[in-house]
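Notes follow once the structure below has been shown.
Chain IDs A, B and C follow the sequence of writing; residue 1 opens each chain.
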Amino acid sequence: MPRPLHLDPDRLLPADPRTRDIARALYADVAGLPIISPHGHTDPEWFATDAPFGNAAELLLVPDHYLFRMLYSQGVRLESLGIGGPPVDPRAAWRILAENFHLFRGTPSRMWLDWVFSEAFGMDVALDGETAEIYFDTITEALQRDEFRPRALFDRYGIELLATTESPLDCLEHHRTIRESGWQGRVVTAYRPDPVVDPDFEGFAQNLESFSELTCEDCLSWQGYLAAHRKRRGFFAAMGATSTDHGHPSAATANLSVSEAEALFDRVKHGNASAADAELFRAQMLTEMAGMSLEDGLVMQVHPGSFRNHNRQLFETFGRDKGADIPTRTDYVHALRPLLEKYGNETDLSIILFTLDESSYARELAPLAGHYPCLKLGPAWWFHDSPEGMRRFRLMTTETAGFYNTVGFNDDTRAFLSIPARHDVARRIDCGFLAQLVAEGRMEDWEAAETARDLTYNLVKQAYRL
Amino acid sequence: MPRPLHLDPDRLLPADPRTRDIARALYADVAGLPIISPHGHTDPEWFATDAPFGNAAELLLVPDHYLFRMLYSQGVRLESLGIGGPPVDPRAAWRILAENFHLFRGTPSRMWLDWVFSEAFGMDVALDGETAEIYFDTITEALQRDEFRPRALFDRYGIELLATTESPLDCLEHHRTIRESGWQGRVVTAYRPDPVVDPDFEGFAQNLESFSELTCEDCLSWQGYLAAHRKRRGFFAAMGATSTDHGHPSAATANLSVSEAEALFDRVKHGNASAADAELFRAQMLTEMAGMSLEDGLVMQVHPGSFRNHNRQLFETFGRDKGADIPTRTDYVHALRPLLEKYGNETDLSIILFTLDESSYARELAPLAGHYPCLKLGPAWWFHDSPEGMRRFRLMTTETAGFYNTVGFNDDTRAFLSIPARHDVARRIDCGFLAQLVAEGRMEDWEAAETARDLTYNLVKQAYRL
Amino acid sequence: MPRPLHLDPDRLLPADPRTRDIARALYADVAGLPIISPHGHTDPEWFATDAPFGNAAELLLVPDHYLFRMLYSQGVRLESLGIGGPPVDPRAAWRILAENFHLFRGTPSRMWLDWVFSEAFGMDVALDGETAEIYFDTITEALQRDEFRPRALFDRYGIELLATTESPLDCLEHHRTIRESGWQGRVVTAYRPDPVVDPDFEGFAQNLESFSELTCEDCLSWQGYLAAHRKRRGFFAAMGATSTDHGHPSAATANLSVSEAEALFDRVKHGNASAADAELFRAQMLTEMAGMSLEDGLVMQVHPGSFRNHNRQLFETFGRDKGADIPTRTDYVHALRPLLEKYGNETDLSIILFTLDESSYARELAPLAGHYPCLKLGPAWWFHDSPEGMRRFRLMTTETAGFYNTVGFNDDTRAFLSIPARHDVARRIDCGFLAQLVAEGRMEDWEAAETARDLTYNLVKQAYRL
């Protein structure tokens, strides 16, 4: 007999009864607030075409590297899931997930999926080998109905704004289509220049050529290259972007003279940069981007510290984003100093810092954000976008940076269906954290309620200038 | 209508009712014990002259970089607070703090200030823009009364001993005045030689000249320089000091031969040391200081790992101690080894280690202190001198180092009025931690009570040889 | 009057009543499961000869560096405990432990010893100076009785399998004796090749000579040396070993060509390797060992990151394992990559990673184990083999790696009598952790029960191929 699936209405709230009561009241007040998703990786084509999603495996498994990396870690071949090989029966791929679903116990993926199963698709039995078929059929059939098309879900989910992330080389045709469609959903882009900023990016030299073509600037000259960025940033802003995003291996910044920067650019622009030059160029470009943000008002997001494509063999066979990006120790104090020497005291500049190295929360990030006017702390990111990860974020940043140097929640996901589940986890954890402060006499209840609303809704609007 | 201000009598005790009951009993037993403040940065002139403090802003805001750095991080100009610019109306400065007081939610500054407002000044409404005036007036008026003069507060607060921190170049006139005044309050000094030990300190070369003049030793010769330290340490000890204090960028120590040390001193003494020589000289001096401690019995405190004056522009305009000191990753295992090779097994030597890098608590500091006879662990420091910071300190050091390789609490503050609030936080957190051990069957209640008294009163007296 | 000694039946379970109820039910279900001890340092001679243990001090104090290092840290001389000097009266040594037993408050040693005192020896008063004699007499007398001989304890403790750890140079005579004795207790060995793999190991060059003699291979040639490893691994496997173990200063691995490896071996084999060559050779050998594991199926354990014999003076006087091994910051992401490039995607290879650097749990180890098929995470190790250490392990690894990339518990001890106490702590902490997930609506009760049994019994059997 299948096991029942049920979502505890008090899930993630603290176990202690009095603290839970306080948390429940705080949560009731913010649970229904609109969702603002200022940073993520959904595909704008979904909202442009509004075509129905495919089947359960194609929607929920194949694009979600949180999921298939775990299966892979236990010996499942990616090809058997329909990833990177010839097509497979999606029903068979789904069955593999179902039979291994116990692997996800205690992980956020499990919570997000259970929410999607229960809330979006109305399942009332737990996923396992026995229920694999009924799940596949129910979900796949539902996806054909109008109410499961992307725009309908967007509206039903109460999303006030959703930002995607595009390369400067993207012509933003889907965003244009969305804007011209008459649909009221607000989907905007963000400027992610890694393909033309990181000399180690695949095809960097070619990307510069395309960058020239797209902008009618000479992107093989330093000034032309900078002008191209200014143009593209302007275009992205015109298409609704309010932010840029930078995913570098480290948080290194530099503050070179114009002639030094020019000479460096000449060394890297043909795509055969030394490791040191590549790092220095990325570093200099963070400072250049900060300068442009001062000019055009785009908020700057820095997502450093991931060792991308750690598994070379997997990368060569299957490409990027296959669950083999591994965090590394990340320094901020020395790394950010060149940029901060130039722009740190600018009150009109807003730089949102993320980390995969939790040891930097209390030691470096909270003291930096608690001092420099231009710095804010992004929420717990990636592997740490989880109940315990979020708790650690609040526990380790609040006492030094306060709540008001943080910027609300980012779901940062390509798993569109789980967006409400992810925001719900953040709201519950924040309310639980605030309830703990109230229960321990460290905050008044009215302050906690005000802060809960700020963390859920107001801070993200302010921080991203929405 | 203003919000009420109230201090929860159970604040910071664990929320679980049974654990809270245990904690409450432990706390009741230590809440009233005298305060020993073995390390801090109050101004001895206060106790020498016993002059009344000025106004609310001058007393509570301007000297407290915990406070104004947070306002600065949110775009408030320091000049508007009366810091580093022409004088401003203190009432206007105070209003800025009041209107932004929500920024401090969840921070220890908020708890300390609320205690001062409520317990010291009898306020019963919360600070915000609406109550700014009544706060400013009430506090400023109170400060003119005799009961708010420094010595009266010292006595009322039940302070058994308070240590300040002075440079070897300080002639300790205020300490002399205090001793000769007939007042019974015990205010002692501590020997902080950074200005004559750190070649990167502002005015180092000149400081050595002054050091020569003050000591009648030739401080441009290595032996004379060491003799000058011995003399000054002796003078400080005669003025009540039982400890020295060392605030270096890292915990590096060295163990050079006399001729190597001499040659190094010759390279740095004129104030143009290379970065490597400066680091090596500080390192060698920690070892020299340990040797002198073995001779004269002064307890040695090491406070490493702060990147001082990270914000160059702010430093050049406003000077030191403006909230821009940022912690860095700090190694102890390799750094301390040269000193420990020479003196690590001395049972008469006592070195108290502090850190701003919590990742070293369980990994390095607790194992080191749990082995070497000369090492003890100082309490959670600076940014970590907070409820969660103190909890992490106990959680991550106790299982390896035990309680008896720690040294009680340091308030380390220049905010004199908040000293009882700070000690009270430490007592509550320690009692809560012990209560947790009792509630989980890991300690007997009578042991917890004994340990609570040791952590509050006995260990600090032993560790600082008071 | 002596204080009573009692073990709280609910010890270590969460304090919140509802969570405790859930935890208690989970624990009741696993408390009595057999003990599997797949990695530790007990002496096989005990089980070979089955001779009675000596006295209280000789059994419980002298071999336990967790204990005497703490006494040493508070000024007790090791010689006074009978360590490293002329023989002392064991009763006097025991008295020193008893009088200082408060030093262990809040440490796991205290919990383990209290269990041994109460459960193994039936003591009902707490250990202190007053009860030192009665403890010494009771324990010492008990040890003469048959029920306290090693095999009887092994059986009484419900140990299903216990692995010791031996050098390739060990002829495993005790293991042979055990196997030939007809006793049913399953005691196996593990292959720990550090003495012939680490060029910095005491006597490395001589060890290679012995390695040649023992294996009839030319261990001064690279190929002969590798062949000797293969032979010895085969012999260890025949004597029951299912694993190897590697205790290197770092987690560095290398992937040299055969000719590079050969040249490196020629540089290090005479025992005067440079530090860089020694590190590179250890690194290369981890990769070689992984290759051999693929051939012979032995599971590979890596225990990196301890700075061994940090206290040189103590080492020179008293030798290894005297409580002066200090953890260091340990990188895995870059360090393991050469090995993982070669073997990371092998599903038949099993490498169990340990760490002393908890900052790597969430940042590096969980993401690595949550991706690579060959990697699993060993339990909280050494200083972190403690209630809070185990909690942090689960809190920081589960959300990314899940439960099923971990391998159950290792007691890793030479303190034989405390083995059940150590496994009991792990079971209680895991049940408490699972109960928390249930109480917060993050896991169903039936899943928690299944997972508790897996963590206690099934995962260790699978991971160690028992």
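Definition applied: a residue touches a chain if its C-beta (ideal position, glycine included) is under 8 Å from a C-beta of that chain, and two chains touch if they have at least 3 such contacts.
In UniProt terms the chains read A, B, C = Uronate isomerase.
Not measured: the values here are computed from a predicted model.
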Pairwise touch network: line, ring, star, complete, or other: complete
Copies chain A (Uronate isomerase) and chain C (Uronate isomerase) - rotation angle from C-alpha fit, nearest 5 degrees: 120
Intercentroid distance (Cα basis), chain B (Uronate isomerase) paired with chain A (Uronate isomerase), Å: 40
Of all residues in chain C (Uronate isomerase), the ones touching two or more other chains: 14, 16, 359
Complex contact set, residues of chain C (Uronate isomerase) against chain A (Uronate isomerase): 14, 16, 18-19, 331, 333-334, 337, 340-341, 344-345, 347, 359, 362-364, 366-373, 375, 395-396, 398-405, 436-437, 439-444, 446-447, 450-451
Chain A (Uronate isomerase) contact footprint on chain B (Uronate isomerase) (complex, rising order): 3, 7-8, 10-17, 69-70, 72-75, 102-108, 111, 126, 307, 310-314, 323-329, 356-359, 383-384, 386-389
